[in-house]
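Got a structure for you, written out below as structure tokens; questions coming shortly.
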């Protein structure tokens, strides 16, 4: 596990997934076998690695990736490093014959991402890319509605993601400063379009074209030391995607917007039979049988309480604890499960160990990079760009 | 007044404005003079005209536009006909030396609209186009915030307009069928982009470019007689406008969307100092001093009730009764004032009679047509189009 | 730690601060070093000291202050005794070369307080005085608004502190009887004006003049044994302070007032851009963009719900757990942190051990005593008194 | 009736009182006689007077005060002119042998006010000054509580009056610009201290001393034509009054404060037995039997909802319709009664016609001017000033 000294690598992957699986007694496979993951921690800071290992009673850690990859007992290489360091490490792991599981974005460019897809295929190893939002309860409920035909033919998607990230000059920023520097791999398009790709592809329909207008709304920010710096990356993007089958998905992403929503990200999906509004946690439904018939007459008062006309979709088979922790448990012990990440880890481990089917492979990761790259190009060129099928 | 047998011409213009001005004792000018409007009703259906005239004790009506225009006592020609009949009638009125006040869109094409601007200028008559939304309380409040510097530098606008128009096959449609036929002047782009143009231009900043994706989400509808027909016009449009000064305005318009909002149209305007969410009636504010600092951490619960963190903007100097009638008065008598229309009528009458300044002239009307035309072209061509300054 | 058998010394300082720091693993300094406080308990009641030491597993306690001060391992002397015993003990600690941290008021008179400032300076030891209210979340939020320019130019402050302290003759009093006897150091001016001084000085602007009217509203009270006694100290004070820059701060303090407020103390600060109403916990904001425009017309009904027109200021960077405990944790164990006291202890320890900057020094303590003394004089003399700069 | 072309003279006095008495069939006296007031309108603008007379079917109006005073049928002179013109007119009326009823302040200086008291006494005519707030329901309820002994011995009064008057540069000001110019008789002390005088004197206890700090918080304002002007009068005053019997009344008045209250003016009166919080409309009570016993412990959360612990005082014998109009009646007809003004007019008419007792005489008016004058002096001199008994 490379990159577990970072916040996400440590909390979501090591503690919230791998250690949580161990805490639960391992991952039981259908045939009765149990997968017991033994993590080897890899990183550049020996002190931090040792501290983490000690805290969780883990014996295996090293600052040498080569050493870890040379260990024949290691079956899976996991990567949560910064994007710029990912491709080389993945390539080395593949060369060592390891299966590969990585954070998104898979690479900084589509060419590089596709190259990783090819080398892994050539080496016959299995690969996976994190697509965690698919495993959050709001998205699970939305997908259930779509797959169950509840919405009918889907017409359109509205996505709104964002919140106000302070510029650091008055109240401290709640995101790292590299996010706002293009040279450091920052930018909201590169960060979020991979998410929009897999959410649209898997839940609604494959993305066929993109038009995007990016912006750097806040050009001057203050870094972790309070020093001013030029924000060179996009901090907002306004996009229109066309989907297979004719639906239109209009999605805004912004770190410079104040939140007048229920959740930080929300998708409204309208269909002939019904519409849904889903966040990461909750999902609301309005069926055509409960659809009001307002008239557009600005001179008469709005008397409908429109939001009250939607019904909360129940969790039903959504795994208990999936998504935002609602109890105090998360803070109580050392091993608070990150349910959405854990769910995908379990799928991946079952895939590499037992050959279970798995959809979130490296080509999926490349598709996310592709959409971000096309979004940037569309913004530069001022035109809609087709999203071609990828040749792996 | 041509077109008062139609719903809008009758309710908003004849009754809600002209008769309401008379009910109030006429329009008092600063110098002490009083304008007393004497309407001449013009239309094609003598029976309907006679009935309206009788209902309101009006003597003057005719089915001959020529006859009305020949009357030297008539000073203003008003047009609320369907768009396709407007240009010819306006041209005749101008030729007869009348001032002209018309509903929007001014014409079906920019070329025609600009031609009307020119002939009116050449004839030395004054012209005006309805831009009623500017006079509704939500927009008045929003404009006050912007002009008072409350929002700081404006970064972005999100506009969401729409509701579910039934297709007429199950529950009856709440819009006329011609709205959905391109050949009859239908289409949401032609209908709504003129509104977006003046709202953005006057309240935020002039529109400099447009990208739009239109759609006909519901291709089969049922008309007033219950017969199926092909919807050939766009019933939804997803647009991204760039504004003077760098702000981005993303505006969706749809007759095929279910409403999860407070009002049928809402604009969120984000600025460095504060953000506002305004409908036609209400306006809410969140200042940076009250802006929360959420973290994007899908694994932890959302505990903020984000919508409660906005404050309702008080009406203060918004004219009593402006916008949606909030008292029972509106329904009590035959002459319920249409405050937003009435306010603009008063400005226009003071303009043509007493030379008061007036911003909502025919060129403004042409700008609305221009944006609609460019929006259609952008959709066809799949690219962002500049919005050039108009040469009147 | 002298005075830990008293309620505040025990709960806020020993348990809530020193033991809480130990519970957290000590206080980490920027360079990586960790401060580990080892308390020596000093007091007059050996039995109580022994019991406290036993309860918390502490070895070091003594009834001899001299003995404690003679210990070369002791670096800091802390004082939470009654005010009348403080000066002598602090002087002894300074003479022994200890740094000094004390409760407020620093002394009973300004002359004595300034003398302590001088002897500490001469001895080269560092000193600090408790100014805990600055570290409570309501005050942190208010200060953030002021420092961020949200309020604009500040015009005025209204402070209202107080509640009904029962006289002990029917329901028992909820304050000790010495608070109401002048000879014992009682009186609300001496108790509260030091707080008003640092809150105004640090958050709004330095206090430049004072006018105060004191009162003993309830002249007869009943003590801890139910015996009547004459209340000789002031139990209420009505003050008007002028601040640097021209703002006026009107502050009432009373133990004979019933509470029609959200919190026991509240400050309303009005500025050109916005106003805030802050208690110790919550803070509300009304920006000029959301300011109503009421008319003073007693004949027409008030229809505004004025309080609903204020927005709650979010905590954002207010330290988790700061101020009133909002979770059940505070009551769960023996070591409930007193976050506001703990925060200042950490600043002070970092100051004396590592030389970190520190604002709440003995001169600050003298300023509090100064304002109380001038307030008493103003009351006696019936005139406004200037607050001169102190010569340390 | 002199000054009925002004807003208050017209609405509250002519229409809301005199015409309302006629509408009700006159004022019935105990013995069965009925007073039927016949107003003679006096003013400087013939056009306005004629219009008012026509609107209400009144025959008698004149621009000559001498002419009106020469009419032997006229028994009462009423004055609602601007303060600077009042003394001369009142003197002329007294010389003509008329009884006198005037708006407040009675005069611009105490000397002038006392002179009017003397000349009226010498002439043997009766006089009255408007003290309308005493007749509003909130004050009636408060007075009932005090007079009924419900509050016990009164300890203190807190008064808070004010709201945000816009400076006219962004949103228009809701008060006339002369209010902010000292040379034109402006200033909040001169405007409001007369009210505080009679409310305290009549409801709680006579005022014995005053300390006041005035301020001009907003030094630059914009007048009715949008032109900037220097605000030279006080727009806020922070006062501490000592009352007969030892209670302290602390009263703030401000046109530069945002409202976090239920009403624009509120008085909290604390007594040994109970406390009351009264606005002009509502009054709330907390008896000692329902008084909570909060502890001052900033480290523990406030769990009391203090405001819910007060009980609304019922109207009982408060005249129906007294105070703010709560029905739609006020706007429906031409003669909406101004209940508080009307009540005092009835008392005055019964006094001058039938010799009924009357408390609100010219000496009462002089007391109001006295308190304003002493308040200004106290501010200048920085000291508490005694309020001597007036020798009429």
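First chain written, first letter: the chains are A, B, C and D, and each begins at residue 1.
Here is the rule we use: contacts are C-beta pairs under 8 Å (C-beta built on N, C-alpha and C of every residue); 3 or more make two chains touch, one makes a residue touch a chain.
Keep in mind it's a predicted model, so treat the numbers as computed, not measured.
Can you report the angle of the rotation that maps subunit A onto subunit C, using C-alpha atoms only, to the nearest 5 degrees?
About 95 degrees of rotation relates the two copies.
For subunit C, which other chain has the most distant CA centre?
B
In angstrom, rounded to a whole number, how far apart do the mean CA points of subunit A and subunit C lie?
48
What is the distance, in whole Å, between the centres of subunit C and subunit D, each centre taken as the mean of its C-alpha atoms?
41
Counting only Cα atoms for the centres, state how far subunit A is from subunit D in Å.
66
Would you please write down the residue numbers of subunit D that are in contact with two or more other chains?
Residues 170-171 of subunit D touch two or more partner chains.
Should the pattern of chain-chain touching be classed as line, ring, star, complete or other?
Topology of the interface graph: other, matching no listed pattern.
Could you run through all the chain pairs that touch each other?
A-B, A-C, B-C, B-D, C-D
Under the touch definition given earlier, write down the residues of subunit B that touch subunit C in their complex.
145, 148, 150-151, 274, 276, 285-293, 304, 308-314, 316-317
Could you pull out which subunit C residues touch subunit A in their complex?
Listed in rising order, the residues are 144, 147-148, 316-317.
Which part of subunit B faces subunit A closely enough to touch in the complex?
Of all residues in subunit B, those touching subunit A are 11-12, 16, 132-133, 136, 155-156, 158, 160, 163-164, 166, 171, 174-175, 211, 213, 215, 217-218, 236, 238, 240, 242, 246, 248, 250, 252, 254, 256-264, 268, 270, 272, 275, 277, 279-281, 284, 286, 288, 291-296, 298-302, 304, 306-307, 309-310, 323-326, 330, 338-341, 382-384.
What does subunit D use to touch subunit B in their complex?
Touching subunit B: residues 170-172 of subunit D.
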